[in-house]
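Shared chain: chain A. Partners: chain B in the first complex, chain C in the second.
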Partner chain A sequence: MGKYIIRRFLWAIPVLLAIITATFLLAHSIPGGPFDYAGEKQLPESVRQNLMRKYRLDEPIYVQLGLWIWDALRFDFGPSYYSRGQTVNDILRRTFPISAQLGILSLLLALLIGIPAGTIAAVKQNTPLDYTATFVAILGVSIPNMVLGPLLIWIFSVHLGWFPAARWGVDYTQLYLGFFPPLTHKFWSHAFLPMITLGTAYSASIARLTRASLLQVIREDYMRTAKAKGLHGFRVIVVHGLRNSLIPVATVLGPMFAGIVTGSLIVERIFGIPGMGRYFVDSITNRDYPVILGTTLVYSVLLVLGNLLVDLSYAWLDPRIRYD
Partner chain B sequence: MRSMRGLLLAIGIISLLLWPVLAQDKVVLRRNLGTEPPTADPALATDTTSVEIIEQMFLGLTDLAEEDMSPIPELATSWEISDDATQFTFHMRKDVYWVHCDPETGEVTELDKVVNAHDVVYGVLRTLDPRTASDYAYVLYILKGASDFNTADPEAENFEELRAAVGVEAVDDFTVRFTLRTPAAYFLQIASMWVARPQPQWVIEEYGEKWTEPGNIVTNGPYCMKEWVHEDHMVMVKNPYWPDWDKAGGNIDEIYFTMVQETSTEFAMYLNNELDLSAVPLPELDNVKSDPVLSQELTIRPFPCTYYYGFTTTKPPVDDPRVRRALSMAIDRKTLVEEVTKGGQIPANTFAPGMIFGNAALDPDIAPWALPEELGGWGYERAVEEAKRLMAEAGYPDGEGLEFVLMHNVSEAHARIAQAIQAMWLEAFPKANIRIETQEWKVYLQTIEKDTPVENVPAVWRLGWCQDYPDENNWVHEVFNPVEGSNRPRMSFDDPYVGDLVKRFSDLTLRAQLEQDPVIRQQLYKEAEKLLCDDIAAIAPIYYYTQVVLTKPWLTRHWHDTNHYETWSIDVAAREAAIG
Partner chain C sequence: MRYALSLILPGLGHIFAGFYGRAAIFLGATLLNGGVLGLAVARGRLVWLAQGVSARMYKSYWFSSVILVALLGLLWLGALWDLYRLGRRPEQVGQSYWNLVGRRFRKDPKGLLGAGIILVMLYLALFAPFFARDDPLKMDLYNVRSPPSAEHPFGTDHFGRDILDRVIYGSRTALGIGAVATLLNMVLGGVLGLLGGFYRGATDAVIMRFLEIINSIPFLLFALLAVSIFGSSIPILIIVLGIFGLQPARIIRSEVLSVREEDYILAAKALGVGTWRLIFRHVFPNAIASLLVTTTMSIGVNIIVVAGLSYLGFGVKPPTPDWGAMLGDAQEFFRTAWWMAVFPGLFIMITVFGFNILGDSLRDVMDPRLK
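Now for the complex of A and B:
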């Protein structure tokens, strides 16, 4: 097992290098550079030259890539071209924890709703309970965040006045160890609506997956055996059924984790949350190469990590699976 | 019972201790900036958000008047202009001090340094220094030697000489003199810009690029920065040492800026009383107008920007000025602003909007077909008749054989406008084949550049322009002069149809740059606008922008081109009564 993990980590290195190189080349091949225009005004060539020199963009492209990797090895991801005076490290340090807080809370919520809902739907297949759960799940999947978010703001902040309309309850200067938020009333009141918005969409797909997978498992022989042994119905489903049916759920959770933890562009935008979601898009529109690379790297690392965790969880979910 | 009394006593003492704090509640303005300001450094700012926060913290030599954006004294109390308008000497006031704001307590301390002429010289030279790599350094190229210094190699031997040769000097501690490369009547406006403001040398040298962070930054304006939690909020507190509080008349002690990007969320926060003012999301505008309360809080005001369609004058079929004029005529601007954009925008017949010095906006001598009858124009019916006639004369009766691409950058708002205009054109010229194409912003800007091969350029493209400084020079000259401007329409002296008009246009904007008599300048610019938008028809101006703002009834505000919060005031009692 230990060997397996080490091997996976070593494999991650060429994977990340390949991702970075590809991202770097793609980013630089988009027409237009970071310093061609200020707004709609084209910058004079002389001004552009100064900027290119300052940010070492006048070097050959392979030198730039080498310099970037060399700096990145020492955890220095360079300056932002757009937010002058800010480094990519500054941006990641303050936006990632916020996105991760929202992401982790939403994911927990999604699991908390999704798995029980899926289980109930499967056990009570083709009953009104199943139809209701399935209907709600489909609703959850098909209402996009950009509709649900403003709707929730409209109902719960503007009309009922229960929650603030937007923003996150803490800022990055108030986090413990640079990551953990103080769990105050203020924190929860700001977190609630975005958490619901982001969580429900995921909970819906988790519920549907759990239902489908559990339905398959329910018909297996060992389930019948367990029932025949006289075990309690609930125990049969949870211990024998659910655990085996979670493998497909775990499989989607890996990439889902990486995506949700690095921030949702839409939910963060609607609720004015200072997370890193917008940087995935804005960095490309601004041709802010170091930020493009920084955000992509964080996402890739989390994806690699998420997939590793998923693979490890297989062994726990199904003892027949072994890694040697 | 005893313990009860003790408790009451304790409460009494605590509230007595707190009393002064509670009594002096600060007046806080809550405003959404809409985005994180990319910088707070006057040398580096290029966007309106950065400029807004810089405006609060750094004074300029001149300021722009609220009513007409004419230059008025700020740090400079008076100035002299040499007879040939190449030397501008500013006399500065001696009572403005640099201040520092404690990021923990918000306490403002006055430093033992008066803002002086050397700070201005340092600021100008720092903006121009190639190592600063300022985007807007080129605005200062009007200074003698500025362009040479800004384009120099920092390693070069004569670098220091080039720096010393720039036309800015401190004559004495409170007199600063600028020497220009050519006469420029609009230099007083440039002197108001952020790139020419005093900067604190000792702070910048100590902290480098981090000098604008709270705790480091040293400023001289009416407000100073207490907190800047990037992408979340910024807090500015009143600088009590700023000498003009009595004159300004505002009562805002603290400004809490949020950075929420989504306008519909900003609007919800406003409704929820979390903000004192807000923009209006376009889809909500009709509701706001019909709402009895919100309509009272709504203000729609002109804003110095113009939305226009440009023609690539070297690309058939729009190489023929008759086709360009016909297309411009067939845009029903009134319907467009009323039914599509809806923000109270004003139909445009010229490039520069009102408020810009030298503008001829809404003057029916120029492109009267663009104006509705109530503004003295032709109205659309007559315009479209003439458009059909011109189009037939150019060889495309009913648009037969007329085929071109209209391009805009990806955006829902631009798409709606393009589709509306395409429909108007097809209504007027039913047999035409007009395609709409879109590109991502930066790719788009490159596509419509004047050196892109003509086969890759769309015949018609959209752009907007907002002022850097309120003078026609920043408009017709810098954007369209065929020799010195960007000239995206590719106007050329060799144009077989309008070459001589283009020559005339070019001469006019160059002459107006050197001319000092404001009346003559005005005439020159009016003729230039007529050539650009009517005779040559290199562009079809579409509308002048407006700002659409909701303001809570307890807030009294002013309308400077950049917000001057020191003049705003809040009726605290009214706000508390309303919020409860």
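Now for the complex of A and C:
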């Protein structure tokens, strides 16, 4: 097991290098440079060249790539070209916790709704309850973020006025900093709608998977054994059945993790949340190379870690699986 | 006699020969396409009847008219061919795996609903100029953001363009990009999966590592970068989506790996069957059920992703009607003009719902273990 983890970590290094190199080359091939304009006005050629030299953008591209990787190894992602006076580290430190909170909350919500809903549907197979749950789940998978988000805002913010429509962490910057947010009413009222928007599709697909795999598990012999030795029905389902049926669910958590990253770009724009995703979209428009690279690296590291966690969770869920 | 009847109207020959189920399908299809033809003629929008249209709309008319004529021709030929086939091997009718799937499918309300939704959307996309009332790009600056009314059932947008017409035309980019990108996924993923499963060893290892890297890439980030470099033309969007959705590779690979150990493959090899024939005649049919389900579902996913890119302003370019881009435009006017967001949103949702529910039903229907 230990060996396996080490091997996976070592494999992550070339993967991340490949991603970073590709991002670097792609980012630098976007037409135009970071210092072409100051506001609406075009910068004079001499000023532009001085700035390019200052940030070493006149060097050959492989030198720039090497310099960036060397700095990144020491967790220094360089200055932002666009937001003057801020480093990429500053930006990440400010925006990452917000994105992470949104992502983790949505994932938790997805699991908390999806697994019980799927279990109930499987236990009550072919009853109206099951059909309703299946129908709602397919509907939930089919609503994209950019449809659900505005819809929720329209109902709950504009008409009912229950939740604020935007401004997560804008008024109360101090309150929302830090990785573990204070669980106050203010926090939840801002987090609620984005969380639902991002989490709904995932809770729906988790529910469908849980139902499908629990239905297979229920027919296994050991389930009959458990019932035969007189265990309580609830215990049979939850302890003996659910754990075995969660393996397919764990399989999709990897891609789902990626989906949450992607979805956050859109959800952050809908709700005006100052997270990493919004910075990324802006940084592409502004040719802000260090910010593009920094955010991509953070997202990729998260994805690689997420995939690793998923693989390890198999071993925990199903002791027959061994890595050596 | 039956052929003569079939020449008059596809399906009549089937009634004469006693195949009532097939007759219903052919007659229904003829009625549907005939209805579209009637609509096009009544509105004077068949390209050969149309007069005084702009060059852009002319192209659009031409595309739909040619497709309609081709569909009708296929229907007539298909009915004749089907009759001929049925006449030659009457004892085999209704016995194949696909007949079984078809019979199960007809009893599944989920699948019928999904297929119905997709059919409607497909016809909207193919024959948009016949259904829409006007040019989707026509602006009316005196009539900006007007709420739904008799004249504009879905209201107008911030340039006074009719939202109903734009939504109808928007199905073209959504379905077109979604379907072609999925096709590309299948071809690329299929080739990789077959290679990996068949040659195993080093080839397989390289392919699996490659898939892992693709899986570790934050897709949307790369899509945004690629679109910024190459411009957001529709072919570029298709290529980007096609490269990143390679899930079919894993399915085919695992199917090949499990099938290649079977005795009948050994027998085929012993008979001297070549590699390609082995793949297409013996391995592929085993994978086709899971492939069809994945295809259906991933069209839905691709539609959502394209809409997301367009929503962020990195997808289909502005004047072209597109559901995602319409949602992006609506964001700004959301509090005052809800209809700008609600209708395109509803269409995305219904379409993706159609593909998901059809995929769900296909999974049940095509499972050979459930008899």
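Here is the rule we use: the second predicted complex is superposed on the first by the 297 of 324 C-alpha atoms of A that agree within 3 Å, B and C clash if a C-alpha of one lies under 4 Å from a C-alpha of the other, contacts with A are read in each partner's own complex, and residues count from 1 in each chain.
The rule we apply is simple: a contact is a pair of C-beta atoms (placed from the backbone, for glycine too) under 8 Å apart; a residue touches a chain by one contact, two chains touch by 3 or more.
Keep in mind it's a predicted model, so treat the numbers as computed, not measured.
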Worksheet item: Touching A:P164 in the superposition: chain B (first), chain C (second), both, neither?
Response: first
Discussion item. So in the superposed three-chain picture, is A:R269 touching just chain B, just chain C, both, or none of them (first/second/both/neither)?
Written reply: both
Item to complete: In the overlay, answer first, second, both or neither for which of chain B and chain C A:W154 touches.
Response: both
Practice prompt. Identify the partner contact of A:V47: answer first if only chain B is touched, second if only chain C is, both if each is, neither if none is.
Written response: first
Practice prompt. Examine A:V281 and indicate which partner it touches, taking first as chain B and second as chain C; both and neither are also allowed.
Written response: second
Discussion item. Output check: A:T95 vs chain B and chain C. Expected answer is one of first, second, both, neither. What do you get?
Written reply: first
Worksheet item: Intersection of chain A residues contacting chain B with those contacting chain C?
Response: 30-31, 150, 153-154, 158, 269-270
Worksheet entry | Partner chain B, residues of chain A touching it in the complex | 30-32, 35-44, 46-47, 49-51, 53-55, 82-86, 90-91, 94-95, 150, 153-154, 157-158, 161, 164-168, 171-173, 269-272, 274, 278, 285, 287
Worksheet item: For the complex, which residues does chain C have touching chain A?
Response: 212-213, 215-222, 224-226, 228-229, 300, 304, 307-308, 311-312, 324, 327-328, 330-331, 334-335, 338, 341-342, 345-346, 348-350, 352-353, 356-357, 360
Practice prompt. Enumerate the contact residues on chain A facing chain C in the complex.
Written response: 15-16, 18-19, 22-23, 26-27, 29-31, 134, 138-139, 141-147, 150-151, 153-154, 158, 208, 254-255, 258, 261-262, 265-266, 269-270, 280-281, 284, 292, 295-296, 299-300, 303-304, 307
Practice prompt. Flag every residue of chain B that touches chain A in the complex, lowest number first.
Written response: 36, 38-39, 41, 44, 46-47, 130-138, 141, 147, 150-151, 209-210, 212, 229-233, 258-262, 264-265, 268-269, 271-272, 274, 440-443, 445-446, 449, 463-466, 468, 486
